[in-house]
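Chain nomenclature is as follows: A, B, C and D, assigned in order of appearance, with residue numbering initiated at 1 for each chain independently.
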Amino acid sequence: MKSTPSKQRVRSTPRFDSARCKNCGLCACVCPVASIEVPASEVPILLEPDKCTSCRSCEFICPDFAVTMAKA
Amino acid sequence: MELWYTHLMRETIDQDSLLVQGNRACALGALDAGVRFFAGYPITPSSEIMEVMARELPAVGGVFMQMEDEIASICACIGASLTGEISMTATSGPGFSLMQEAIGYAIMAEAPTVIVNVMRMGPSTGRPTTPSQGDVMQARWGTHGDHPAIVLAASNVADMYRLTIAAVRFAQRFRMPVIVLADEIVGHMRESFSPEIAGRYRLTSGDFDFTETYIHPEMVREVHPPHELGTLIHPHVTGLIHDETGFPTNDPKKSEQFLRELHDKVVHHRGELCLYDVKNVGKGRVAVVAYGSCARSARAALKLAEQEGIPVEVLHLYTLFPLPVEIIQELARRVEFILIPELNLGQYAREVRRLAENWTTVVSMGRIDGNLITPRDIVDRLAELVGKYESA
Amino acid sequence: MAEGESSVAEQEPSVAEPRTIDHYLHTDRFPHIWCPGCGLGTVTAAFLRAALELGLEKDRTVVVAGIGCSSRAVGYLDFGTVHSIHGRALAFATGIKMAHPEFTVIVLTGDGDGAAIGGNHLIHACRRNLDITTILFNNNTYGMTGGQASPQTGMGGYATTAPFGFDEPSFDLCRLAEAAGATYVARGTSYGVRQLQKLIRDGITHPGFSFIEAVTQCPTEYGKRNPPKGPVQMLENLKEKAISRKKAEGMTPEELEGRIVTGLLHRDESVPELTASYARMLERIRKSADE
Amino acid sequence: MSEAPAMTDGLLSSRPYVEVRFGGSGGQGVILMGVILAVAGTRDRRHVVQTQSYGPEARGGYSRSDVVLANAPIDYPQIQGLDLLVALSAEAARKYAGSLRRDGFFIFDSDEITSPPPMDANSYGIPFTRLAVETTGRTQTTNILALGAVAGLTGVVSVASLEKAVLSMVPKGTEEMNLNALRRGLALLPEEWKRPSI
């Protein structure tokens, strides 16, 4: 699979909705590239957006409907 | 031919007059009232209602379901009701007990349905083929919580037909479950039922539009609009206390407002809901208040007592709840005492006493040996009591 | 989108799919009542993605739930929703589906709601083969009432009503459903969300009674008393225990002990669906009346 | 409304309120007798109520079926005193004879009841079972034959209505046989079977 930098720019990455997130940490635990960090009592952070493969695992696992995928 | 009595008329095609069983009359009334969904579970002495529905409903494109128990039966009826179907179930004491939780749900969710309880002797298995009126207070207060109730009582085969129709109408109009009480005698007896009788009932029910769910304009403020699952409204229906959006609320003010509305829609329309018949009105020294089979005994006793020089008024109640407060209080003002024959230990007498005790004495006459109270029993009791109590 | 037709785009949310699951949610009612890390939301989301895939219409879909944590899902769903009474969701759904066979009827229930108080309705619903899809959220406990033992708590599990360990075996709910006559039986977990979504989607399209057990985690009430603790650990535990049906076929009962066999477990298209049979009966009666 | 068929002459036909009980053992068709009489009564344009013992007690041991016929709407649905008791078993005769009015009718199967209870009422002892076997070859027609006898002896319902009622209630294919039994019963002569009252 080839990807050019221009295409990487249109790739979707997770957005975390602070109003819905309950800070459980499941998104981080399923991230295949270990790129999500969940600080205590805070909304998850996508540490390295470039590593994100847009696999949507975090979105699918989120029990709080708090993750949506959006283009950068 | 009017839609509403086609089923009764079909029964009479080859006869001028008709001998029909009470339970059958109930089913025919249901069909004529537009019931198109029936779910039930066999139980003596109500099973014939279900058997007739099993045979007749498919012919009108309706749905008949024999469920795994009475709980499932009433729940299926409520489910169908939420989609706009007119639904009904029929049972007897033990099954009625099982239905209680769901009756409360139907009240809370404002889901119209009709529950017919052909009463048998209890508690528990009791004597299944024996008449009783032991479920009167269960019909009123069987489900938990503070709730309104509409309860009708059938005394003969014609009642089984027309009160079932009335129950369907009340359920649709007030958007709540309506209970029809019968007893083993009324359910199992066969009685002549002529087209003239059907015609007479048409006069009292001819203005019903059974095919349409509607809200009376005066009631808009008190009755929530119908649920219409499967439409653009696609509502949320819940047994939790909810507000006008249909979603749960813990707001004390809204909670009280909602529960009051549930009560008010019944209480404010008592005049329309209370069906009754007074015999010898204003001419009695004493009165008998009765319902169901006992009302038949009371009517027969009236003639017998007259022959023996005791002027009696008989108040025959077809609606037990909401309580016919004004009717009972008016009666109480003009008689020495009120006798209440019942096939229980005074369940309804307690209600009447509560309403009438300021004006007159209320005497309960209960019988719980499985036999009917005879007209002779009533007259003998009246004779014993006449002159014992001061008139108000 | 000429440029977008690349392998990368395939991983993107489909552009032809303008809606997210928020389309089916009463988002104004968020945050929901479920605890942090509870798997019920994950399973609900899997159902909603399946609904999105199928394009279920809000007006033609009725979701019925009983009572309990799982059943609260309907309070957030923008379909026709019925939050019924404890254990009886399937009985309500039976009435709805029989009255209106054209509706897509989904039942959401839990292990207490569906397998304990509602067990009888469950087996009879399976037997009737009515076209209803039941998703049973199995989190091994009564969460709403505070962590009491459910039929699915399991031997040796702890609960507020099993403080010394639970002595009762559990149901194998999928085998129960199959034996009772369900014509589509599947199991997934809240870890294997993609698989679960597919199983639910196929269950909804299956013309008959579909039973999908969704094994999920209750970190608050079950996890508090039974290792492993914490949502992340519980989810990882589900991942470890889950095994596909295919793999499980070659394993001995001893090897399968404690494993969660997932995937489509049973499917039978030969049994007539009840509303269809009923419609045929009505047709027969109509014909014989015309003659 | 059509004219009511003319009543057969007889004592019960003239009474405005008639209470009838059929008593026997389970399996003798006693319930059916009551229902047929009630159907015939409605065909006579009378008000009718029919009740019966139900359930297990009707299956085993004894069985009874009550009919009230009246010219006005019937209030109390049950029996307060009997104008007519039809007994097909000794137990039924013993149990219910006490409810019979002095001017009532007591009609019993003399094959089953060899020592009938003494009473003032008009008594008729008739070997219904034997007559049924003679007429149709089937003991099952005993109840229909007895119904014919009851109508013939008392006029409680009209013959025309009773025949129609029988035809509408008996199993398909047995109409002819049951009509024969009914007519045999109707042809019985009162003077031949009347017992002296005591």
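Operating definition for what follows: contacts are C-beta pairs under 8 Å (C-beta built on N, C-alpha and C of every residue); 3 or more make two chains touch, one makes a residue touch a chain.
Please read all numbers here as calculations on a predicted model, not as lab measurements.
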> What chains, if any, are shared contacts of chain B and chain C?
Replying inline: none
> If you average the C-alpha positions per chain, which one ends up nearest the average over all of them?
Replying inline: B
> Whole-Å distance, chain A centre to chain D centre, using C-alpha means?
Replying inline: 89
>> Averaging over Cα atoms per chain, report the distance between chain A and chain C in Å.
In response: 26
> Which integer distance in Å separates the CA centroid of chain C from that of chain D?
Replying inline: 63
>> Nearest whole angstrom, what separates the Cα centre of chain A from the Cα centre of chain B?
In response: 61
>> Thinking of each chain as a vertex joined to the chains it touches, would you call that graph a line, ring, star, complete, or other?
In response: line
>> If I apply the definition of touch given earlier, which pairs of chains qualify?
In response: A-C, B-C, B-D
> Quick one: in the complex, what on chain A touches chain C?
Replying inline: 1-3, 7, 10-12, 19-20, 22-26, 28-30, 53-57, 60-65, 68-69
>> List the residues on chain B that touch chain D in their complex, please.
In response: 14-19, 44-45, 128-129, 156, 184-185, 188-192, 194, 196, 293, 296-297, 299-300, 303, 372, 374-376
> Contact residues on chain C for chain B in the complex?
Replying inline: 26, 29, 58-60, 62, 64, 74-75, 78-85, 88, 91-96, 98-100, 102-103, 120-121, 124, 278, 281-282, 285, 289
>> Show me the residue ranges of chain C that touch chain A in the complex, using the header's touch definition.
In response: 4, 6-8, 11-13, 20-22, 25, 27, 30-32, 34-42, 45-46, 49, 190-191, 193-194, 197, 219, 231-232, 235-236
>> Show me the residue ranges of chain B that touch chain C in the complex, using the header's touch definition.
In response: 37, 39, 58-59, 61, 63, 65, 67-69, 71-73, 75-83, 85, 87, 101-102, 105, 229-232, 234-240, 247-248
